[in-house]
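Okay, so chain A shows up in both of these, paired with chain B first and chain C after.
After this line comes the complex of A and B, so read on.
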């Protein structure tokens, strides 16, 4: 445990997370006051002070949430670096499964990033309007998000303090290889690929035609299919090895850190698109710019994955 | 015109996705039968309904009587009770380890070291429940195997009557 907690990456990660939580805690305290005393129809000095303060609180939260979005990249880098200390682990795949908290932490981190995007979109709409129409909503939403972030912070500590450096863990070839069970839902590589490209076409078409519900369903499906496609098909072209199936190894320098780009484009694109769809469904906000950015990110993701396959074929004349 | 083309394209894509999903689910085998790569020949902890019994094809759901066998190539097969395991393994020569879940201590132990009751309410009704600690009326693995292969288990009405009709301790 000491080896883990004294690791420089872990120290930097936990300190950054602690600072972020401190900022969010201050924002949380102010949010309670704002929620209690907020009345936009009043013309009292207290209300004006609250309006000024709410802007400051929004800036603090936006800063902390953007920091949080970048911190997940550092978290992944940290657990990848810890694979040197955990016997059996060759990359972050083994380290994340070193105890029961790892997977929950990763999923909660991704979920809280998505909710942070939604909060920032509501905040942007609120600040753009003159009468703060979403002040109560965004404050309550932030409080719920804060509770989630506190749970995540607790999991951070539980995870890093419970990594046993004496106990061997499985490496990625065991977790994601034949023993791990392979592609779920009865899919094989061909069906997975067909679904991957069909879902992407459906997303583009439904975004273009403005069918928000179809966009939302296809985007959620694309997240799942995209993840499995990268792990079980496109990843093998990144590693140039048909038996190497792992979502984490591609984050290492051997593969030019391309995993950060691959996963960043997939999760970023999906989260931003879902965010823009939520804005359209619940707030009647068109958010065309956000939709365009998200679609371009997904397009780049598909192009990047397909590019690896094409380059391999051009270089070697065969598919894996 | 653009709208009509877009709608037709979307319809075609949705239908194609549904067909692919149907094909995928149609070929899905549901629960698994085998765990590969158990090179350490150790116990593979399983969850209820994660695997199917290789003998009777039922889901291994009730973990109380579950059993598993590890072959020399690391493949591990699962059974809903030791009776099924005995039937499945009668012709197998490459068995390295046999594990069973115990009724009294709820642990996975070496099946050869367990003691077997003949009157337990097991999933397939053969009646052999594994116990870690010996007590009167319990039999050894070899004896249980012999009785199972002879058909001398609770599925036989004569055996059932003779076993449940009198106290085994005597």
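After this line comes the complex of A and C, so read on.
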């Protein structure tokens, strides 16, 4: 455990996370006061002070949440760096499974980033308005998000303090190799690919024709299908090895860190698009810019994945 | 129209240095020239900064053309200042590294306006205040009176409905102060509200129609 906690990446990660939580804790305390005393129709010293403070609080929260969004990249880099201390681990896939907290932590981190995006969109709408119409909503939302982030912070500590450097773990070659099982939902590679491209076309068409509910459902499905497509199909072209089915190895320098781009584009694109759709469905706010950015990110994701397959075929004349 | 209702402004609230700059200000100001008179530290500049949206009151309402600006979020307050307010500062606050023309152009930089259109506006206000001949000159080569005219042109270029001047003649000699008042007279003919905070007696000597408001220790006097 000492080897883990004294690792420089872990120290930097936990310190950054602690700083982020400290900022959010201060914002949480002020949020309680804002929620209790806010009344925009008042012209009293208390209300003026709250209005000034609410702006400061939202700046603090936005800063902390942006920091949090970038910290997930550092988290992945950190667990990848820890693979040299954990027996059997060759990449982050082994380290994340070193104890029961790893996967929960990763999923919760991704979920909280998505919710952070939604909070920041509500906040942007609120400060653009003349009378802070979403002040109560965004304050309550932040408080719920804060509880989630506290749980995540607790999991961070539990995870890093419970990595056993004496116990061997199974890594990607065992987890994702042929022995470890195939594609879920009874799909094969061809069906998975058909679904992958069909869903992408459906997203582009529904966004273009402004069918928000179809966009939302297809985007959610694309997140799942996109993930499995990368792990079970496109990833094998990145590794140029049909049995190498790992979501983490592509984050290493052997593969030019392309995993950060692949996963960043998929999760970033899906989260931003869902965020923009939520704004349209619940707040009737059409953020064309956000939708365009998200769609372009997904387009780049599909192009990048497909590019690896095409380049492999051009170079070798066969598919894997 | 500018309305202030029960406006208070306290600096260093809840600290040992707590200081009431304005207390229970109730005012209605229509179009025309208004001169705020009072000694240094009486609250004139604070009142101007509240109307300009540079600062917010501790409590009370500041309403400009029906808009409660004391409640505006920062984003809207910037737009309010850009579109409605022209401010002439005591020390001019010009950008020394820029020319006269560029200083006057600066407030239009964030506005959705063609550059050719912006330059036409700049030419027009420079002529209005008589500074066209110094358009390409750097600010540091100007005299006090010329700097003042440049500052007025900058305040006017956005065609604001409210012009606020904080001690505009404090750094000018008598001749330039008189020129400034002449410019004020021409501005008064258009539908604007011009508020001047000053303790300069020169305004009493001039034939200038204006409403006078006296401020003493942060309170409106007679």
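Assume the second predicted complex is superposed on the first by the 320 of 320 C-alpha atoms of A that agree within 3 Å, B and C clash if a C-alpha of one lies under 4 Å from a C-alpha of the other, contacts with A are read in each partner's own complex, and residues count from 1 in each chain.
Definition applied: a contact is a pair of C-beta atoms (placed from the backbone, for glycine too) under 8 Å apart; a residue touches a chain by one contact, two chains touch by 3 or more.
Not measured: the values here are computed from a predicted model.
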Discussion item. Both complexes share chain A, so when I overlay them there, do chain B and chain C fit or clash?
Written reply: fit
Worksheet item: In the superposed arrangement, does A:52 touch chain B (first), chain C (second), both or neither?
Response: second
Worksheet item: After the superposition on chain A, what angle is formed at the C-alpha centre of chain A by the C-alpha centres of chain B and chain C, rounded to the nearest 10 degrees?
Response: 160
Worksheet entry | Partner chain(s) touched by A:205 [first = chain B, second = chain C, both, neither] | first
Item to complete: Mind working out whether A:236 is in touch with chain B, chain C, both or neither, as first, second, both or neither?
Response: neither
Discussion item. I'd like to know which partner A:7 touches here: chain B for first, chain C for second, both or neither.
Written reply: neither
Worksheet item: Does chain C touch more residues of chain A than chain B does, or is it the other way round?
Response: B
Practice prompt. Mind working out whether A:109 is in touch with chain B, chain C, both or neither, as first, second, both or neither?
Written response: neither
Worksheet item: Touching A:215, do we find chain B (first), chain C (second), both, or neither?
Response: neither
Item to complete: Once the structures are superposed on A, label A:44 by its partner contacts, choosing first (chain B), second (chain C), both or neither.
Response: second
Worksheet item: Tell me, in angstrom, the smallest C-alpha to C-alpha distance between chain B and chain C in the overlaid model?
Response: 33
Worksheet item: Considering each complex separately, which residues of chain A are in contact with chain B in the first and with chain C in the second?
Response: none
Practice prompt. Give every residue of chain B touching chain A within the complex, in rising order.
Written response: 3, 6-7, 9-10, 13-14, 16-17, 20-21, 23-29, 32, 35-37
Discussion item. Quick check on the complex: what are the chain A residues that touch chain C?
Written reply: 40, 43-45, 48, 51-52, 55, 127-132
Worksheet item: Across the complex, what residues on chain A touch chain B?
Response: 174, 177-179, 181, 185-188, 191, 194-195, 198-199, 201-202, 205-206, 208-209, 211, 214
Worksheet entry | Residues of chain C that touch chain A when the two form their complex | 5-6, 8, 10, 13, 56-61, 70-76
